[in-house]
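In the two complexes that follow, chain A is the common piece, with chain B as its partner first and chain C second.
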Partner chain A sequence: MKRKGKHKSIAQKIYSRKLMLPAAAIYVVIFVIPTFSSFFFSFTRWTLKDWEWIGLDNFITFFQEPSLLIGLKNTILYGAMTCGLKVVIALLLAILLTRGWKIEGYLRTVIFIPTIISTIAIGLMFKSFMHPTNGIINQALDQLGIGSVFWLTDKRLALLSVALVDVWKGLGVATLIYVAGIKGIDRTYTEAAEIDGASGVQRFRYITLPLIRPAMNSVLILSLIGGLRNFDLIWVMTGGGPGFTTDLLTTVIYKQYANGLYGLSTAGNVILFLVVALIAFPVYYYLTKKEEVY
Partner chain B sequence: MNKRVKRLIFQVIAVLVTLVAYIVPFYFIILTACKNKKEASWLNLSLPTEWKLFENIKEVLTVNDGMIIRAFFNSLVLTVCSVLIIVVVTALLAFVMQRRNDRSTRLFSLLILAGLIVPSSVVPTYWVLDFLHISKTIVGLIIVEVALNISFATILYRGFMGSIPQAIDEAAIIDGCGTGKLFMKIILPLLKPVTATVAVVSTLHVYNDFVNPLYYLPGAKNATIQLSIYYFSGQYGSDWNLVFADILLISIPVVVMYVVFNKQIVEGMVAGSVKG
Partner chain C sequence: MKRRFYCAVMAGVMAAAMTGCGNTDSSKTTVAAGTENANVKGGELSILAPQNSVNDGTYAMVDAFEKKYGVKVSLELLPDNEAENLIRSRAATGDLGDIVDFHSGSQLSTLSPGDNLMDITGEGYLKNVDDTFLDCVTVDGKVYGTPVGPTYAGGVFYNKKIYEELKLEVPKTWEEFLENCSACQNAGYTGIIGTYGDAWTSQLLLLSDFYYLNSSEPDFAEKYTAGEVTLEDAPEYLKSLEKLAAQKEYFNADFLSSTNDDGCRMLVEGKGAHQIMRTREYNSMVESYPEAEELIGFFAVPGEDGSDSGITVWMPHGFYIAKNAKNLENAKLWQEFTTTEEAAKAYAAASSPMGPFMLKGVDLGNNVRPAIQEVMNYVEGRKSAPAMEFLCPVKGTNMAQICVQIGSGEISPEDGIKALHEDNKKSAQQLGLEGWK
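The block that comes next holds the complex of A and B.
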């Protein structure tokens, strides 16, 4: 008993909590405290120096003003679109990238490049490609006789166009997560199935797909959270326009902050927090529960 | 059809698709950055009649009394300071968290994990910085970048710490090492591979960050590099040759990093996200 007690105290001394202090202090002061206080300030009219309690007024304004509410709708739509496309396209790419092709290395390097380039640079690039009159995409479509598409100026299309660029940029990481998952599958499973006469499609459906479930969940959760929190790409490509049709919660937060309506901006932040929490946590819980079944 | 021929055809198709989807956009950027203003405005893939890459870069660099050069300097200071602090404080944090593994540290690690999911609250963060008298300063921005990168860095470090047997610590302690010596002389050198990954990936995060400088260090005068290109494109939006020369310029550092640290970047981005 005595020895055990002594050993514990040595461990406590060696692994002193004091060492956690620098990181913990920065994290708590700059991230945790603002997150908690945002709940309070979302119920106030706030000038940074002074605040006045106004109850639910900010939230009522938010849900009554169509130009603000559209941010909520678009955020969910954008998250769903980017996430769905990434989950499916990256899986297809990953399958192609694990067939032992000679060009595997080339393909991997190429699709990963957009990941490292800044979102602002990518956004500006595609803003020029999607230029309504002389963007390179419309030039190509003209050549094919399809005619111009108003990627970023058509109200019904603009959000989707930005989502497609997002998918293009994010495919690299998503694909490599899948590739790691597929490569981790024990070859004996697929070999056994092959001997039993399972076709390629059957092998994929009944062996690969269930076994890469964890990888798929990672891709899904990651791209969902990334999509819900996106700001830079939409801001540099459309700025929320035309009108307010591509505003996301994040751009609403920025615009209200720029207007000096700090309480309203913070209410937007709280709504974003709730959206991410209400979507991401249940999805995560549901997926990991399903994971255990296999 | 012959299986090998089929395989070859698939590969050729894959290469063609990536050529159009990935190579052409970047080729287009470089090409346009070499053109004069008029030819650049056509936004097509024709070769420039006169190669003006260096003139364009020179013009970009001299715009607004060298705004871009100052921005490069600011981003350099921001990135180097942030990454150094991230590495030091999270290595220490993960060291204690992984080795203690008691209730309080497990609770704290949940709080850290939440940082990967929860969006940061903008105005309250600004309010805290203001309270500390570091709003709209580079110091304030550095602290914010550190805070927002702690989560992913801690997860990488803690995962790697788990692979260092505790018997090593015990041997060192028996030989008379204190905490400081144990960490500096034994643990830190063993953490080298993951330190490289954390440093490289957080360099990319901080250098490419746009949102936080926009909120916490606004203004064209003292911009970081991502803000500078944003302001620049607002001012010279129709001079695509200059905009793309600027994009080229600010992407050179990350492309060089990608070539040199390819393994760390890919590993760090994939592992960091999966474990989260």
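The block that comes next holds the complex of A and C.
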């Protein structure tokens, strides 16, 4: 019985904190403990039967070997590309889809469909489209007189090709978030600006853009984190190849695990965790600080 | 009222459907019980195998075994590129069933046979098995497996029609081979069909060339295992990598996306002249394109000078018994069966052998395809060496990708040899080999 009863909310009086224990227990066992134990095991070389402490060796190997380091570089590149493209293109699409056309509802559904299709199916589909000689994209380009483009095997293009497919898939959700944000803008602001003689571009820049900042932040953070952690699309389309050119951290981690190098794989996971945390948290705080509340 | 009625009807329909499901097994066991003789053991056996390890010959062996002993065999196949990973994971959780089909040689160690597999040293049926194979399924002095099928060899498969048309002859040196490729290119065919879409095929040239390294330095594999030398200490190894890099000029334009199946089709259709692969892939090719039997020929990867030429032979996978196998007796019976001439004959009748069997006193019979006959000429002439992974337990896990890098010109052979050695080092350390720490 607490003396400070007056300051407790009704919810706190009815539900004791102890009701949280089962959920907390599951969370600790399934998420927290493995996270910390993987920090520990990343400093060892372990097999399924025993382990051997080797200090920072796994991390040193990761940063010295070009085939592993490229994963880190590509991950950041890939995250930046998909995030940037999604944020910009989805915004343009959302503006188009909030003009009050009759066909809007249908278009929004069409844009959203890729989100519900399995990523693996999309990856396999585009992989066959992008085949240098048999794929329909190159066959179409041939008709136009442009030669074969090696979408998935040219070092400079491969990562971009996969990023474009990722963007194609992710536009649905991003557009939807923007549309919701745009629809949430109070009509009085835009009407007042129209009366004052503001042009379309000016209205966009000074009214729409600032007021959808929360939506933009959501899209940015979600795309960034999703892009940094992408695995299935890359694995299905290139497998990290040819050679190691399109390896992301996630595929590197998977390959090391599949090859039985468990310590190295765990170290990779720790690095991925740190990369996502070090990029996502500062971005999140920076953006939410700038969010203006009207 | 109406709702209750419909609910009752649905419940009745579902109950009827479920009673229909339960009775499929009893009919099978009666069939098995009917075809017996004095050897009846009955019971079950589960076999776990990668998809590409099983062919018509395997099925023939399974059928013969089922009929002979009245054992019901359930064969579970795993998708190729995940098979090793899945088998290792299932071994760790004790979920292998009774028999598992896995690599022999260096890769067997990655399955931790001491912990996961049944030791069969001293079993009577091992007398029938060739010693070379037994060495490849022995880890720390204990024997674990019997052969799943014949050995297979690697080399160059060529389209005989193109050779006739361009009046080319089987090359005796690597230079001559490249000249033949040039001639094919000039005539509008692809010189060498590259199939790097399946990354593992990139290694085949390097691995098949091992014959020359083994001939010039027979104890290299042993010294390498002990960590006394690096790959750069063997000049022949660098030469193999240079051969790998030389291919690029003659490759098809889409070599990085073509799969092995695409390549076989191009070879049979006459779009390309040469494809470097093994008799194992050749056999699958003939199963899909029967005309390949007469159309495709074989010669060993040529050496530097014309004095010697030989092939590299891969040991077959082994059938191993899981340590916690439930049907232990049937599992041993299966292993014994695979060492008999009966099983080899059943295999050879269904799927023409891809090389000699690893069983003593078993010959290949009459169903040998022309390309395989050419392989046998090398074997009988003692012009063959086992692939390096069967002489040395060290094999890095990224060899396929590094070979793709060398073959596509991304890195030079000199950088490649260093990368391969570093890769091998990681695996050697994971295995805890002395001399590598």
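By definition in this document, the second predicted complex is superposed on the first by the 266 of 294 C-alpha atoms of A that agree within 3 Å, B and C clash if a C-alpha of one lies under 4 Å from a C-alpha of the other, contacts with A are read in each partner's own complex, and residues count from 1 in each chain.
Here, a residue touches a chain if its C-beta (ideal position, glycine included) is under 8 Å from a C-beta of that chain, and two chains touch if they have at least 3 such contacts.
Remember, it's a predicted structure, so these values are computed and weren't measured experimentally.
K.L.:
Return first, second, both or neither, reflecting whether A:Y27 touches chain B, chain C, both chains, or no partner chain.
P.N.:
After superposition on chain A, A:Y27 lies in contact with chain B alone.
K.L.:
Comparing chain C with chain B, which touches more residues belonging to chain A?
P.N.:
B
K.L.:
Now for A:H131: first (chain B), second (chain C), both, or neither, which partner does it touch?
P.N.:
both
K.L.:
First (chain B), second (chain C), both or neither: which does A:L91 touch?
P.N.:
Touch partners of A:L91: none, neither chain B nor chain C.
K.L.:
Applying the document's definition of touch, where does A:I113 land relative to chain B and chain C: first, second, both, or neither?
P.N.:
The first partner, chain B, only.
K.L.:
Touch check for A:L48: first (chain B), second (chain C), both, or neither?
P.N.:
After superposing on A, A:L48 lies in contact with both chain B and chain C.
K.L.:
So which bits of chain A does chain B touch that chain C touches too?
P.N.:
Touching chain B and chain C on chain A: residues 48, 131, 257.
K.L.:
Write out the stretch or stretches of chain C touching chain A in their complex.
P.N.:
Spelled out, the residues of chain C in touch with chain A are 82, 84-85, 88, 92, 110, 112, 115, 196, 199, 253-254, 256-257, 397-398, 401-402, 404-405, 408, 410, 419, 422, 426-427, 429-430.
K.L.:
Mind pulling up the chain A residues that touch chain B in the complex?
P.N.:
For chain A paired with chain B, touching residues are 10-17, 19-20, 22-24, 26-27, 29-35, 37-38, 41, 46, 48, 96, 99, 101-103, 106-107, 109-121, 124-125, 128-129, 131, 134-136, 139, 168, 173, 176-177, 180, 215, 218, 222, 225, 228-229, 231-232, 236, 250, 253-254, 257, 262, 265-266, 269-270, 272-273, 276-277, 280-281.
K.L.:
So in the complex, the part of chain A that touches chain C is made up of which residues?
P.N.:
Listed in rising order, the residues are 45, 47-49, 61, 65-67, 131-133, 148, 150, 152-153, 155, 239-245, 255, 257-261, 264.
K.L.:
Show me the residue ranges of chain B that touch chain A in the complex, using the header's touch definition.
P.N.:
On the chain B side, the touching residues are 7, 10-11, 14-15, 18, 21-23, 25-26, 28-29, 32, 41-45, 88-90, 92-93, 95-97, 99-100, 105, 108, 111-112, 115-130, 132, 143-144, 146-148, 150-151, 154, 169, 173, 178-179, 182-183, 204, 207-208, 210-211, 214-215, 226, 229-230, 233, 240, 243-244, 247, 250-251, 254-255, 257-258, 262, 265-266, 269-270, 273-274, 276.
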